[in-house]
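Each remark here refers to the structure printed beneath this line.
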Amino acid sequence: MIRALFSAKTLLVAALLLAALILAPQVLPRFYIYLMALVFVTGLLATSLNMVLGFGGMYQFHHAVFYGFGAYALTLLLTKAGMPPVFAYLLAPCCSAALGLLLGLITVRLTKLYFGMLQISLGSLVWALAYRWYSFTGGDDGIHGIPLPDVVYSSTGAYYFSLAVCSVSLLVMYLIVNSPFGRIFQGIRDNPERCRAVGVDVHRHQLAGQAIAAFFAGVAGTLFVTVEGSVFPELMFWTLSLELIIMCLLGGWFVFLGPMLGAAIIVVLRTFVGIYTEYWTLVLGVVLMLLIFFLPEGVLGFALRKAGPAQADPAKE
Amino acid sequence: MLRIEALTKSFDGFMAVNNARLTVDQGEVVAVIGPNGAGKTTLFHLITGQLAPDSGSIRFQEKEIAAKAPHKICRMGIARSYQVVNLFSRLSVFENVQVAVLARRGKTFNLLRPSRTIAVDETNQILESVGLGGKADRVCGMLSHGEQKVLEIAIALGSRPEMLILDEPTAGMSPEETAQTLALMKRLVAEFELTILFCEHDMAMVFSIADRIMVMQQGQTLVEDTPEAVRSNLLVQEAYLGGGAAPC
Amino acid sequence: MDFASNITAAALFQQVLVGLSRTTILFIVSSGLSLVLGVLRIPNVAHGSLYMIGAFLTYTIAAAVGPGAFGFWIALVLAPLGVALLSFAAERGLFCHLYEREHLMLLLFTFSMTLVFNDLVKLIWGSDYRSFTAPGFLQGSFDVFGLPFPRYNLFLLLIGPLVAFGLWFLTNRTKIGKIARAAAVDREMVGAVGINVSWIFAATFVIGCYLAGLGGALVAPTQNITQGMDHTIIIEAFLIVIIGGLGNIWGALLGALIFGLTDSLGILIWPQFAIVFPYVAVVIVLLFRPKGLLKSTW
Amino acid sequence: MNRFSLISAFLAWVLALALCAAPAMAAKTIKVGIVDCYSGPPSTYTNDVRDAFKLEIDKVNAAGGVLGRKIEFVTRDSKFKVDLGLSAAKELVMREEVDILMGTINSALALAISDLARKERIPFLATFAKSAKITGEAGHRYVFSITENTALAGKAGAVGLAKMPFVKYWIAGDDYEYGHAIADGVWENLRTLRPDVELLGQSWWKVGEPDFTPYITAMLSANPDAVIVATGGRDCVPFLKAAKATGFNERVPFYMHTATELSTLKPLGLDAPEGVLGTSNYFFYYPNSKANRQFVKEFQDAYGRYPAVGAVYGLLAAKYITGAYQKAGKVHTEKFIDAMEGMTVDSPVGPVTMRAYDHQAMLPMFMGKTKKAEGYDFLIATDIVTLEPEEVAPSIEEIRKARMK
């Protein structure tokens, strides 16, 4: 299975990279370890969005709902239900997937902008629930100081945990993108009408894609709780969803690792530009406008195109 | 095999298909001709489920298929190509056909097996048989127009249909390409034992391949008969000449 | 607690009136958005920022001219024109090179513009709250069945039909409107008959953005002029356009009516859940009419 | 070059950034890190906190600093986003290695930073967040609040209203934690003080509501004796506008916690409604003491505007920090906290004590009515009643109970 997808060279590079990331906490200051953990969380989230956006062509305008829902699910399972952490960590993403399925049932009948706006409306209802249900979700104040298992309590522990979960999730998502399901999904992105004509039940595939993407968004949500120890309704607010779309665009929609890169750029940029100026969104805005003008396929997409035509094919690999 | 009766479809009061009828038997090649706007494409959309008829019946192998979802109709054995090229634009030629093969085999919810190991032989076989074997790895947008039209047919073949519906398979092709496509269609009938329903403006082509011809005008079935009979039918000549549209 | 105690005929009538004046603003802003969406196919997220800039410009111009009715009228005329000018520059400089891009790209592009606009507003006007007052004859209120109805809301009620008529006239009775409507349906065809589509698009874009600026100018006297006022309006405008049918300005009117009235009546009847009403309205409409209430140009 | 070498190149870049941007280790300073929202509507409040803080710190530094060290401070803009603010706070702690964290107008962020402060054992001074949880149920050794909170304001409002003849009330407010907490605070306390009051109904609007007219007319049709308006920040201005336009303030008296604050009344100019009841921690014109006059003068000289309530919080923060280090005798976190507990500093509103048990600064609350006044082109508060902190702050017993939960 792995052999069929990766060349020996790729595996070697990946192994070296992983080794470097495992060793990183020994060399790097604490803050950078935290920052990298944040990149893993955000990158995983953006990649899960891109499963449906870049590879499924769905206007997933409110992906953050599934992220926040996973984070809340984990928190409430830990604090209110008193569930053992192992089960809570496994169950929370499933809650997100269930929400994805539920919202998907209503939204997949619609297309493009209609789909996106209906998703924003429904997602905002979920957001309003978290924002208003003071006794259960802590309302807009959120829940802080979440009791986490000891292994992930320290920032290094959280780093290793998110590294491990993120790597496994990325691998699984990569397999899905390259599976028959992923192939069909890309077919739906390119031409839903034609897909129907060759016998694909487009809505069912979109629904499944929605559930899968929501699942991994939920995984990212649990990682956020692990790294930050807090949840708050902003995790489900629509502006965050738009930022996620920007990460996908920035890195490149049609490349699997594009959103990861986009997330890394945004997280690093806002951290370091934010030190020097209050106006970092101005900088970001200008950068994005230039990007859309000159590099619409994203940074990684552009780099791969330059790197050689053999690897430029966006849908392959 | 396919039996259409009293089929009607209107758009905002405009009768695109009006009380049409058509019968296609197993193994036949049937052509639909008629001036532009006669309702040929609408008829095909109705058969393959893209549109739902207002009234009338479409029976395929004795089962009513009118207003069924397109993917269900496809799974019953009807595949189609499109008049305007309608491909998976970001996928390679190989992948374009593979999508159809995977869909037919019902493998579409397989999440973890790499798709490059599934249905490879069959996909390559189809590409070989339509003559695109050497271009499997190209992104489909890089193909010439003629090749894209052939790929259209290849995708339809990926569904391994019993009946193939082709909407102007040679539109926009050079004379050589048209000849090649004609040969391909003949081969397909022999090789895959296909029943073909197609529409076309190239009369020479129609008369050289069709077993029977249906003539449509203003959404209605004007004549449905053998090529010889159609050729000599006065009504048809009137429809073309009187309608003002040249059969080009 | 008895919910129904305060629901009288007078109160209902009053809420309808107030809801209608809110509808006016929503209609003006969302019809502009709808116009740009329908003809140019740009989901313009920056529409909200233009609305905000319109309000800030109104404040600045009125402050520069001086207090009183004259400053108000001047500002009301000039501020939307300023916004239109800005949008004209944006269209000629940026958007006209991007028409062939995917909707999602355009959406992100306009989102990037909101980031830039927001920081520019902060640079120019600072972060203090701004407030500006309508002239004397529009201040205060008069009684409608014993309940106060602000004069300014009445003014809005008069402006609303005026704008609607103007839009109807523009789209149905002028050449440019007819061409724009045709271009919304099939831009290749319009281009093919020898009309310079590019300028039609520019004009449409400017008119759409003018409406955003007009909306901002009209709310300026009733609101706190501050950063962040773009946030609420843009999401509402998009939802209105969606339930009305993309690109259909009468759909925008219908959507704005649904929004304005459910909102104001909801506040009377079920005040504790008013926050979710707009979203519920959208969900209900789209469940039954997945393409919006009226015919979309998409 | 394939994609993986690209990724590795990128990561190498991050590593390089990490090594280059190692924290600037300035040895002999005390470093304060401020995280607050400096974008959008809230910045009208937060700028005053920062500016007054800077004013006082500059004075201290000019006089040689504390314990021979200069005080240095850095700010980060949270953009009113909890995730951004939290990672900025972590950056301040981990990279800038600040000695003290301070700031934020956003309650959710304050609670999140408070939790971080507990984990990292760094003192955190909450300067504007109004959640009573900060020093209430979520309080701990490392968090201090130098601003009033919803419990205080609620009680202050209730004490003021209990003296009025009103019986039938309507409650309305911003539909978020702050609004509900204020409303509940007022109502619970009012019911204790005046058991005969009656609640007719409630309306809640979303934060950033553009038009209040429908809410006001809906309230009017219920005919209450008085209305408790629990709205904060930027919604105060449009609410007062709508109140003026509909003549609401002339028909029904209403109480609104921050109605009398400068940030609310100044933008409205002379068009603000008169007779609105409000509470605040500070007015630049009240108390008319020497300390206050001098502070106002210094602030005006430095920034060319009147100080609003945030300025007192900023000033107090600076005074507490310098005072506590002075008292502790060395730069040491635990000793700093011990020194903070129970410490009293002078301020424009008189001496303010940091209550040792819950780390809540005991600020007086001023209740007044809006009125036009000569010499100002905006309304000010008059008929000011001072509510002493002992009177309005939740008792230690109440705090203990909240923390037991």
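When the chains are written out, they are named A, B, C and D in that same order, and each has its own residue count from 1.
To be clear about the criterion, a contact is a pair of C-beta atoms (placed from the backbone, for glycine too) under 8 Å apart; a residue touches a chain by one contact, two chains touch by 3 or more.
Because the structure is a prediction, the values reported are computed rather than measured.
Chain A has the Cα centre that lies closest to the mean of all protein Cα atoms in view.
Across A-B and A-C, the chain pair carrying more C-beta contacts is A-B.
The distance from the centre of subunit B to the centre of subunit D, each centre being the mean of the chain's C-alpha atoms, comes to 71 Å.
If you average the CA atoms of subunit A and of subunit B, the two centres end up 41 Å from each other. If you average the CA atoms of subunit A and of subunit C, the two centres end up 33 Å from each other. The centroid of the Cα atoms in subunit B and the matching centroid in subunit C are 48 Å apart.
Counting partner chains per residue, subunit A has residues 132, 281 touching two or more of them. In subunit D, the residues that reach two or more other chains under the touch definition are 38-39, 175. The list of touching chain pairs reads A-B, A-C, A-D, C-D. Note for the complex: subunit C touches subunit A at residues 43, 94, 97-98, 101, 103-105, 108-109, 111-116, 118-120, 122-123, 231, 235, 238-239, 242, 246, 275-276, 279-280, 282-283, 286-287, 290-292, 298.
Contacts from subunit A toward subunit D in the complex involve residues 9-10, 13-14, 16-17, 20, 28-32, 34-36, 38, 131-132, 134, 139-142, 144-145, 228-230, 232, 234-235, 255, 257, 260-261, 264, 268, 270-272, 274-275, 278, 281, 300, 303-304, 307-308, 311.
Residues of subunit D that touch subunit C in their complex: 38-41, 43-44, 47, 175, 199-206, 208-211, 213-215, 217-218, 220-223, 234-235, 237-238, 241-242, 244-248, 251, 263-264, 266-269, 271. Interface residues of subunit A, counted against subunit B in their complex, comprise 1, 4-5, 172, 175-176, 178-184, 186-187, 189-191, 193-202, 205, 208, 212, 254, 313-316.
Remark: subunit B residues 48-50, 69-71, 74-75, 79-80, 82, 86-92, 95, 98-100, 102-104, 107-118, 137, 139, 155-156, 158-159 touch subunit A in the complex.
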